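What follows is subunit A paired twice: with subunit B in the first complex and subunit C in the second.
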Partner chain A sequence: MDLVANNLSYKPDDQYHLNEVSFNFKEGNLYTILGRTLSGKTTLLKTIAGLLTPDSGEIEFDGKNFLKIPVWERNVAMVYQQFINYPHLNVFENIAFPLKQRKIDQSIIKEKVMDALKSVGLLGYENRKIQELSGGQQQRVSLARSLVKNAKILLLDEPLVNLDYKLREQLREEFKNLFSKGLADETILIYSTTDPRETMELNGEVIVLDEGKVLQVGPAKEIFENPNSLKVAEISNDPPMNIIEAKILDNHIRFEGIDVEAPQHLSKLTEDGLKIGLRSSDIELGENGHEFEVELAEISGSETLLHLKRGDTKIIVSIEEVLNFKIHDKVKINFKIGRAYAFHADGKLASSPFGGLNG
Partner chain B sequence: MNFKHKYFFLFPGLFVLIGILIFPIIFVVRLSLSGWNSYNPGLDYIGFENYIRLFTDDPRFWESFFRLSFLSVTTVILQYVIGFALAHMVWKDIKFKRFFRVLFLVPMMTTPVIMTVIWRTFFHESLGPVNDLLSVFGVAPKWLTDPVIAKFTVIIVEVWQWTPFMFLLLLAGLLSLPKEPFLAAAIDGASPVRKFIYVTFPLMAPISIGAIIIRLIEASKIMDTVYVLTSGGPGTSTETSSFYIFIKGLREFQMGYAASMSFTYLIIMIISLTIIAKVLTKVLLKE
Partner chain C sequence: MNKLYIFLKYFFIVVWTVFVVAPFLWALTTSFKDFQSVNGGVTYIPWVDFEPNLEGWKVLIKSPAKGGVDIIEPYFNSLFVTCTASLISIILGTLSAYALSRYTFKAGFVKNNDITFFFISQRIMPPIVLSIPFFLFLSSINLLDSLTGLIVVYIVLLMPIAVWIMVDFFNKVPREIDETALIDGCNPYQAFLKVVLPNSIPGLIVAGMFCIIFGWIDFFFAFILTFTEVQLLPVKIVALNSSVTPWWSLSASALVSVAPLIIVAFIVERYLSKGNLSGAIK
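Right, the complex of A and B next:
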């Protein structure tokens, strides 16, 4: 049972929320929609769920016109980024709600709810009021509510974004386990996120969305290794990939008075307006490196993000260590230039170290 | 907190409270133990004679009380149902929403006594427009002079006059509800009808209880409508407790006896409304 969309467009104001979006989702697979905020992720999920009707385009599921089916008959489950539950019901009743909408035997409901509670680690909480739970627990309840109905399509709209760091890590881990436990056998799982790390960890098919448009579709590894444009490279990296305007001449990359030997996959590109892309993790501190000035140093978790400047070129370097720098300090860095990307002036990928469009 | 002058500062409030609430209640209790009437005005002491008379020898009071219970419960239920339906209607996105919101409030902005006079004219047996229209079907109900129909005439007027108040309270309640549970319910497979039963209605329970109690208190004071529409008639068939007490106290000047009725009425109301509130809370909030 495939979920197929053709040219979905939705333009409620002067901006496209969805712009000619097409996809073909196959059952048993995990799809990750990666995009920045306001890129149309939630709109897309709401359209699939039936909470929004697109201006044009079609959705077909199991060969039927999905847009003609009202929300409550679509057999879709959804978890929102806000923890949405029923405030007037306790945990058990919340999870049982979707089952009660169908005529299912009480004892079966009880069994299924208990199973769902177990799988999200909330056994023993069934009589609690929703307001008495923490944010993470509330999100688990809504996850359990979406699991319990065995929907054919499970939509998760940035489910971790409103949780604190620790809970996010923990729940992300649990999601991975849940998804791999065969839950997705006949389910189409669609997960939207702004976080490239989450996308890579979930390791499904990725749809990169920006301003309502699909920029690239492919396995997570492919998106990471061969982003087809500057935009995708920006969206799929956190911190965003460094973009350096450079010139390649005689096998050498030159910018801001720096001169490095071009790796093989870049050596043939000599056009004007070329942009070199390098991940923040592909730059390292080194004694014999090029001198840059520190503009800002942030420590996040166990890594340090250095915002560096040299002339007009600004780059971000991430170092897996907690280091103290002051503004205007001088640091020396080396580029792992073998891992550099090149993009044409119009933003399209010119060459990647993983073989995309090589030469 | 130990503050030397607190009674000085509390005094104005306490004075008003004592003057308008506590003194009248105490005075009514004392009055009910007296035989004050037009021949014998004064606070003499006759013991519980008035109460004995009330409980053993005055079926008219109890009839008026049960009539009042019937009228107030029926009108409040109708007001709640109609008010909820109207509020639910303009809560959704419909055309001319603002227009309807104002329209439904119009009865509340009118003066009840004047509107009742107009209703009385409407329902006049031979001259009123209602029977004029109904004559097309060959019927002419005695709106104001039939003992049974007159009760329903009172209910119609009361419902018309006070449904807007219920509408206003319930609309405010609906507008204050969170939107998220409704999104969730649609996705969880609840059709619009089930969504109302399982989400809207339970979420509205606390507001409903408040609105019903407020209207019950108001409705049990029903007096002006009856006074203008039927004057309790025909016979005593639309007479309510407050109207009967008014007749005994301020027309026949049996002050002592009227006081004993008022006090009994007050006690019954406090007890019954407490029970009603408890029951409603239990049923609607499952607590």
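Right, the complex of A and C next:
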């Protein structure tokens, strides 16, 4: 049973929330919608759930016009980024709610709820009040409620974003396990996130969304290796990919007085307005490197993010250790230029080290 | 420090208790006094300072023919009108508030907030402004001096309170809760009844209390819109006053008229102390 959308558009005010979005989701697969905040992820999920009606376009599921079916008959499940549960019910009643709504036999409900509780690791919590649970536990309850229905379409709207770092890591791991073994073959799983790392870890089919428009569709690896445009390169990297305005002449990349030999995949590009893209992790500190000035140094976890400047060029370098720098310090860096991307002036990918549009 | 804190705490509790309880004690003792005990100097303690009697209370249930005022019928009239009008106001007010909170209405330049304000504006007008239209309206449909007429008027007065409180309350209930209910298989009516309403009980109680209080204490409309057939308690109590102020029966009537409000307050307090109101909605 496929979920097919054609040219979905939704424009409630003077901005598109969805702009001609089309997709073809196949059962048994995981789809990740990657986009920044306000890119239309939630709107898209709500449209699939039936909470929003698009201004134009069609959605078909199993060959039926989905837009004609009201939300409560669609057999979808959704987990919100806020931990949404029914505050007046306890954990057991919360998870049993969708089953009771279907008038399923009490004993079967009990069995299914217990199964769901077990799969999210909340056995023993069934009589607790929702308010007594931590954020992570509340989100598990709402996940259990969405799993218990055996919905054909499972929508997860940034389910980890409101959790603290440690819980996020832990729950993400559990999600991956659940998705890989626990889900029925006919479920379509749609997961939205702003986090490129999460996208790569989930390793599903990725839809990159920006300002309501689909920019690129493909497996996570493909999006990472061959982003089809500057926008996608920015969205699918955290910190965003460094973009450097450079010129390639006589097999050399030149910018801000720096002169680096161009790798083979970039050597033939000689056009004006070329932009070189380099991930923050593809730049390293080195004694014989090029001198940059530190604008800001932030330490996040075990990583140091250096915001550097040279002339008009600003770049971010991530270093896998905790280092202390002061503002206006001078540092020397080397570029792993073999991993550089090139983009045309209009933002389209010109060449990638992984072979996209080579030459 | 700690001792000072405890001392101050109890000191203020005692002061406040005296402040709240004293008028009731005063009314209670006065209701058992006669003319002599009221006007013959300060007296406090029954059987010591003065000889208690039930005259003040008897007046309230004696028929006018025997020199009483008979507040029993007005009492039940007031109860009936207040409860019915409050109940209908809460039901209609909650439904309109939910609609105003969740759906977008637009008629020209009139939008949701304007409609909400229209409801509230009914309470901004001084009652006297409304009295003439109400009088003419009730007389044109032959409901002057009737319980039904009073209920209609009270609904107009009480429903804005319910709408006002409930719109604010529903706005605080996350929309995602309704949406989740829809996704979980409820149609919009079930989502409202099974999910939104149970989570709005604190709001309903507050709105209900305000409706009951405002309905119960209204004198103005009860006075203007009724004559002889139907009488409400506040009007009847005022009628007690004659050339000689009967402090004893006034005190007795004051006590019986606050009794229902005290009972309501106690029930709500019980409910509060069970923790049922706290933490329903974050």
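Here are some notes:
By definition in this document, the second predicted complex is superposed on the first by the 357 of 359 C-alpha atoms of A that agree within 3 Å, B and C clash if a C-alpha of one lies under 4 Å from a C-alpha of the other, contacts with A are read in each partner's own complex, and residues count from 1 in each chain.
Rule of thumb we're sticking to: contacts are C-beta pairs under 8 Å (C-beta built on N, C-alpha and C of every residue); 3 or more make two chains touch, one makes a residue touch a chain.
Keep in mind the model is a prediction, meaning the values are calculated, not measured.
On the superposed subunit A, the two partners subunit B and subunit C do not both fit; they clash. Within the superposed three-chain model, A:Q131 lies in touch with subunit C and out of touch with subunit B [touch as defined at top]. Of the two partner chains placed by the overlay, subunit B and subunit C both lie in contact with A:A49. When both complexes are overlaid on chain A, the residue A:G204 reaches neither subunit B nor subunit C. In the superposition on chain A, subunit A positions 49-51, 70-74, 76-78, 80, 82, 84-88, 97-98, 101-102, 142, 145, 149 are in contact with subunit B in one complex as well as with subunit C in the other.
On the side of subunit B, the complex with subunit A involves touching residues 178, 180-181, 183-191, 194-195, 198-199, 202-203, 205. Residues 46, 49-51, 70-74, 76-78, 80, 82, 84-88, 97-98, 101-102, 131, 142, 145, 149 of subunit A touch subunit C in their complex.
On subunit C, the positions that touch subunit A within their shared complex are 174, 176-177, 179-187, 190, 195, 198-199, 279-282.
Across the interface of their complex, subunit B is touched by residues 49-51, 70-78, 80, 82, 84-89, 97-98, 100-102, 142, 145, 149 of subunit A.
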